[in-house]
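Got some structures for you, see below.
Two complexes come next, and they have one chain in common, chain A, joined by chain B in the first and chain C in the second.
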Partner chain A sequence: MIRFALRGRQPRWLLPVLAVLPIVLTYLLTAGPIRAAGANPAAAYERYVLQPLSSVDSVFEVLLTSTPLLFTGLAVAVAFRCGYWNIGADGQLLAGAVEATFFGLNVRGLPAGVAIPLVILAGAVAGVVWALVPALLRTRLGIDEVVTTLLLNPVALLLVQCLLNGPWRNPENQFPESAPIDPAYTFPRLLADHRLHLGFAIALVLAIVVGVIISRTPLGLRMRAVGRSPEAARFAGIRVERTMLGAALGSGAIAGIGGVSQVAGLQGQLTGGISDGFGYTGVVVATLATLSVTGVVFVSVLLADIIVGAESAVRVLQLPPQMGDVVTATLMLCVVAVLVLRRYKLVVRFPAALHRSRSRPGLGEDAA
Partner chain B sequence: MTAPQPAAQPTASYGTGHTPVVELRGIRKAFGDLLANDDIDLRLRRGEVHALLGENGAGKSTLMRGLYGLVRPDAGQVLVDGRPVSITSPKDAIAAGIGMVTQHFALVAPMTVTENVMLSSVGLGPLDLAAARRQVKDAAARIGVAIDPDARVEALSIGEQQRVEILKALVHDCRVLLLDEPTAVLVPQDVDALFTTLRRLTEQGLAVLFTSHKLHEVSAICDRVTVLRRGRVVTTRDVDGAQARELAELMVGRPVTGVARDAVLGFETDEAPAARRDVDVPAKTVLRVRGLTVAGTASQGRRALFDVKLHVDAGEVLGVAGVSGNGQRELVDVLTGMREPVAGSVEVDGVDLTGAGPQRLMDAGVGRIPEDRHASVVPDLSVEDNLVMEHLDEFRRGPFVDRRKVRAHANRLIEEYAIKAGPTDTVGSLSGGNMQKVLLARVLDREPRLVIVAQPTRGLDVGATEYVQRQLLRQRERGAGVLLVSEDLDELLALSDRLVVLSEGRVAGELPVQEATPERLGLLMAGGTIEEVTA
Partner chain C sequence: MTTLIALVGAALVSATPLLYATLGELVTERTGILNLGIEGTMYAGAFAGFLVAASTGSPWLGLLGAVVVGLLSGLLMGLLTVTFGVNQHVAGIGTTLLLIGLSEFVNRLKYGGGAVPQIAKFGLLFRDVPVAEQYLLTYIGFLVLAPVMWWVLRGSGFGLRVRAVGENPEAADAAGISVTRTRYAALLVGGALTAIGGAVLTLAILGSFTLNITAGRGWVSIALVIFARWRVWPAVFGALLFAGVDALQLQLAISSTFESVPRELLIALPYLVVVATLAISGRGVRYPGAYLRPYRRA
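Entry: the complex of A and B
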């Protein structure tokens, strides 16, 4: 018989176990499917996890892939920390991408030194605008933000498609993609021979800033108090609605900059696939990171590692491309399941021992 | 393997001869690391009122709930009439002739008394309401109370609702009645009525087991008493031979001393209350409330508070008494800045603060310690963070939180208030007493001019209770005004200089503590007027 019992105190060994156990479990759980798909699980994991980290070039590829996840993961973590369940980072990212494209197509002739800060600011504002209505509905009227932020995602996607099939359709080839943006807005590369761009550096700086705000400033402490116990925060004189509104809009701004980074840093134009569900993956990242900023950085890179690895696994091992998602999803489930151990411990009792230790039958024991 | 016999030797002399109606052997129940019941043996005899006495958290309720099938003990055995029975749900308990009245009543408010009583026994077939009404009437006659079977439960007083709960048990022909803290919610007059009912039941051969932490109740009604401490039976003995002080010491596990303690634990005390007002501070009014009216919820009617007028002087403790739900919570909410009144005024030190929020109240020197501790501190944050939460701006260096200052502040208060925790422990991991001390330290360290405090000792053990009460008295000596809301009459009488009673959202009366007796307060709490009471 296995039961969950509340933990009194967290033992010291718990934290390392919580970090390692999900990885082991994920390996065990996915070994079967990978085998069934015709590959050696150990070889597959070598591809998924180690191969992308084996060369300088592919490490940069991993960092490039992690960039949008860093933005959305941070955005979601900021909001969740304050108890605002922003599931709309995808829409906010798209809003930022649209805004960047608007500037890139229409405001030409600026020097790069002006254009880049301008487009970043514009993208942040667009993210804020996209986040504003659900945030106001939540803080003023108490309307559940999970639904409103989530439902604005397809709205943003439809807006993108509307623009790409209408005014912004590429005049050269009539594809539903925008024309290339003005090169003045294009993010510079961080290295001469790789695509890794300024967006990654911005994401890292944002991560540091957000991390410092959350852990070291009165504002961060207020945000955490509001997130953990709004009643107690209100009781202590904290303006709960204002704090939450601020976190919600800050979250939107970060996601919006993520959209700018995809357009101006990577693609150089707006496409229908500008967001590969980054907003939703951001929720996964933030959750796996238990809302810690360092965790977000680490998890973004880990997921990017698996995404890049999955591409090579497709090529080399002929594994289906979805297997990467299977691994990521299993990892997420394992982490969430194992997190239960933070508050509960497993009590395992064997029927034989049960009889030996308790000779007296009686109350509530027949089921045991 | 035989059960190790605990210290309950006196039971042996009763146990021989006739079989107890219920016998518990070696009951054990753990919640996580907490051992709530540890190898408990108990025998309940026909026709006796047996008290389970112990502090909060001693394991009384757990034991009772285990016997009624609401929790499943980890080990142990229950015998009814000498035969082992297995009780895994209240259904089994009812079948074994055990009935229980839980602390929070399990009644459906919009349904009638008869419907409520029948609810637990309806099958799939048609309902015979007429027969049910007769049953209810018979049962009511049995315990000698008049109760209208067709009255809607929500229209009944708390005391009457409790009677309905007892009727529910009786209709199922129970032979053992379990009452969990039956007197906690009652005004003194209802307590007397309850005891009369219990005597009638025991005369008919029922056994009654009830939990309490009030010694005077035990001596008033019980035949035998079992004292629990930290999940273990300390002793079982006849009430006649037991000294109240002795029982208290068994309950607490150490000699009981202290000024406030005696009255709070329910000893007969003649410590002249008049002598308590020994501080000669010129009576300057720190809090003045006039015409305070607060909108109520649907179940309370239109007004939760109506035209409340009261004042608190410097160096005075004003006790606010009342049966819970008569406007105390709303009064505290307004005075702590968590709710806005629809009419009336609140003045602190002559400054109008009507409708002020937490920040303005704190700035005006109001210290606030409301009853819901979990809504006043953030359980998931650390002790040190919670201690600075109300005045974060005083603990910053540039744009950052000055961690060193926060830590030093926490260490000082932990020392000063004897909080058993480290500065980085989360407040949620602390015991109720230590959590309350964190809140006390946060508030009292600022030396507020006025302290608003509600149910400060609810759920605390004796040591923590004593500490908290001393701290409140110290505020009074310091010259602060204290408004103390409590449902514990003993606590109110021990700490207050003056008492007001709230009844249905109005001030039913005001008494200096010298004139306040439990009977008078009870009358006011039950809706009497001050003229009736002092006449």
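Entry: the complex of A and C
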């Protein structure tokens, strides 16, 4: 019989074990499906983790891929920290992307110095608007935000498809994707010969700002207090609903800017595949980062590493790219399960009957 | 009139997957576990049902395959939330991502991302009789599952244990009820029902599999459970309501009056109706006492 018992204090060896164990578990658990696909697990993981980091060019590709995850990971972490379960970052990101496209198609002729800040602001507002209804329902009427934020994700996707099949359909080739946006809105590249764009830098700056707010300001303290225990926070005089509303809307704004970054930085137009479930991956990022902002930065890059690796594994090992999703989901579940060991230790006890027969004098020794 | 009859018939069909999933989620949540893995379980159930049916030629074996997958997903959620006591939101989203990822992985492996075959699907009973022309699973869902679930939760020993564990696990434990076993049992039942709900999509309605087949129906089920305040008959009503709006929007889409309204906005309508219904009816909802709370003996 295995059960959990509260740990007194954490032993020294625990931390390294907690760091390594999920990785080993993930490897063991995913080795089966990888073998079933006819690939060698070791080779696959070499592809997933090491290959993308083996050249400067592909490192930049990893950073580019990490950009939307940075935004959604931050968005989710901010909300979760405050005890607001925003699982609608996907919809909020799409809202930002739609807004950016709206500006890019309709508000033409601005200089880039005005256009770019404007479109970022507009995307943030769109994210806030998309986050507003669930946030108000939660803080004013106490209606569960998990469900409402989740349900607005398919709605946002349908809105995008509606626009792409209707008014924004590309007039030149009739594909369900928008015409290219006005170049004034296009994010400049950070490097001459790579696609890595301003969005990545914005995400990093946002990460620093959010990190400072959460850990070094009274606002952040209030947010954390509400997240830990709303009752205690209320007792301490914190306006719980207001704080939570702020975190929820801030979360939406960050996700919305993520949408702008995808349109103005990466694609230059709106497409149906503008979000590859980034809002949900954001939950994975924030969780793996244990809601720490520094963690979000590292985990985004790690997951992007796996995503880029999974893409190249398609070509080289004929391993379906969805294996990347399986690996990240497994890693996340292993991490959250293993993290329980921070507070609890496993106690293995034999069932009572077995125990008695073992301790009966003579018997065991005779057999030996 | 004929439109209305067609509407009712269509609503019953599209309510069926929701009915199974919602009742599965309902019994699980009654023990205090929010299973956000439901979307993934439904997806994996739909895919597993399709895969087994496609390779054996029997929709019944497909259904069995879906049930097995549903049980496994319940077991996974149990391991995470009951045994390990992991945060239920996180465990559920992770399970959903894992199951959708695995389904699409196998799909790609098996069919190379190209066309998937049509399968022999369940036939309709009472052919050509309006409204009564339905799948067996629809009849079972409404006429057997719902009353049985209602009775089980209300009158059976298992139902009593479920409610006791969901309201006050400490008291239930003190009364000799195993919290762990009850929660696992509810997760297994819930997982199996949810997977059947998913399999209805492939084995009965569609006769094939497409990506994003569940399209957020799992999330809808979670909303319906709150809307129903964890009671069986309101949950049945909620499933019919969503399906009714869904059937209505399909009717509107082919009617000439609404020709100019974009198709996608009509598809979004049922989701918005659910959010609106929650906004109106969701005030002051009393959650099960131990909702989201893992239980460990002190």
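Going forward, the second predicted complex is superposed on the first by the 347 of 368 C-alpha atoms of A that agree within 3 Å, B and C clash if a C-alpha of one lies under 4 Å from a C-alpha of the other, contacts with A are read in each partner's own complex, and residues count from 1 in each chain.
FYI, a residue touches a chain if its C-beta (ideal position, glycine included) is under 8 Å from a C-beta of that chain, and two chains touch if they have at least 3 such contacts.
Keep in mind that this is a model prediction, so the values were computed, not measured.
*Asks:* Considering only the touch criterion stated at the top, classify A:A225 as touching first (chain B), second (chain C), both, or neither.
*Replies:* first
*Asks:* Which partner reaches more residues of chain A, chain B or chain C?
*Replies:* Partner with more touched residues of chain A: C.
*Asks:* For A:R242, select first, second, both or neither according to whether it touches chain B, chain C, the two together, or no partner.
*Replies:* neither
*Asks:* Tell me which partner A:A233 touches in the superposition: chain B (first), chain C (second), both or neither.
*Replies:* First partner only, chain B.
*Asks:* If you stack the two complexes on chain A, which partner ends up touching A:T217: first (chain B), second (chain C), both, or neither?
*Replies:* In the superposed model, A:T217 contacts chain B only, not chain C.
*Asks:* What does chain B use to touch chain A in their complex?
*Replies:* 1, 3, 25-27, 30-34, 66, 69, 72-73, 75-78, 84, 86-88, 336-338, 357-359, 362, 368, 370, 372, 374-381, 385, 389-390, 392-393, 395-396, 399-401, 403, 429
*Asks:* Along chain A, where are the residues that touch chain B in the complex?
*Replies:* It comes out as residues 5-9, 212, 216-218, 220-222, 224-225, 228-229, 231-238, 358-367.
*Asks:* Please give the residue numbers of chain C that touch chain A in the complex, ascending.
*Replies:* Listed in rising order, the residues of chain C that touch chain A are 34, 36, 76, 79-80, 83-87, 89-91, 93-98, 100-102, 104-105, 108-109, 113, 215-216, 219-220, 222-223, 226, 262-265, 267-268, 271-272, 274-275, 278-279, 282-285, 296.
*Asks:* With touch defined as at the start, can you tell me which chain A residues reach chain C in the complex?
*Replies:* 4, 33, 36-37, 85, 87, 133, 137, 141-144, 146-148, 150-155, 158-159, 161-162, 165-166, 277, 280-281, 283-284, 287, 320-323, 325-326, 328-330, 332-333, 336-337, 339-340, 344
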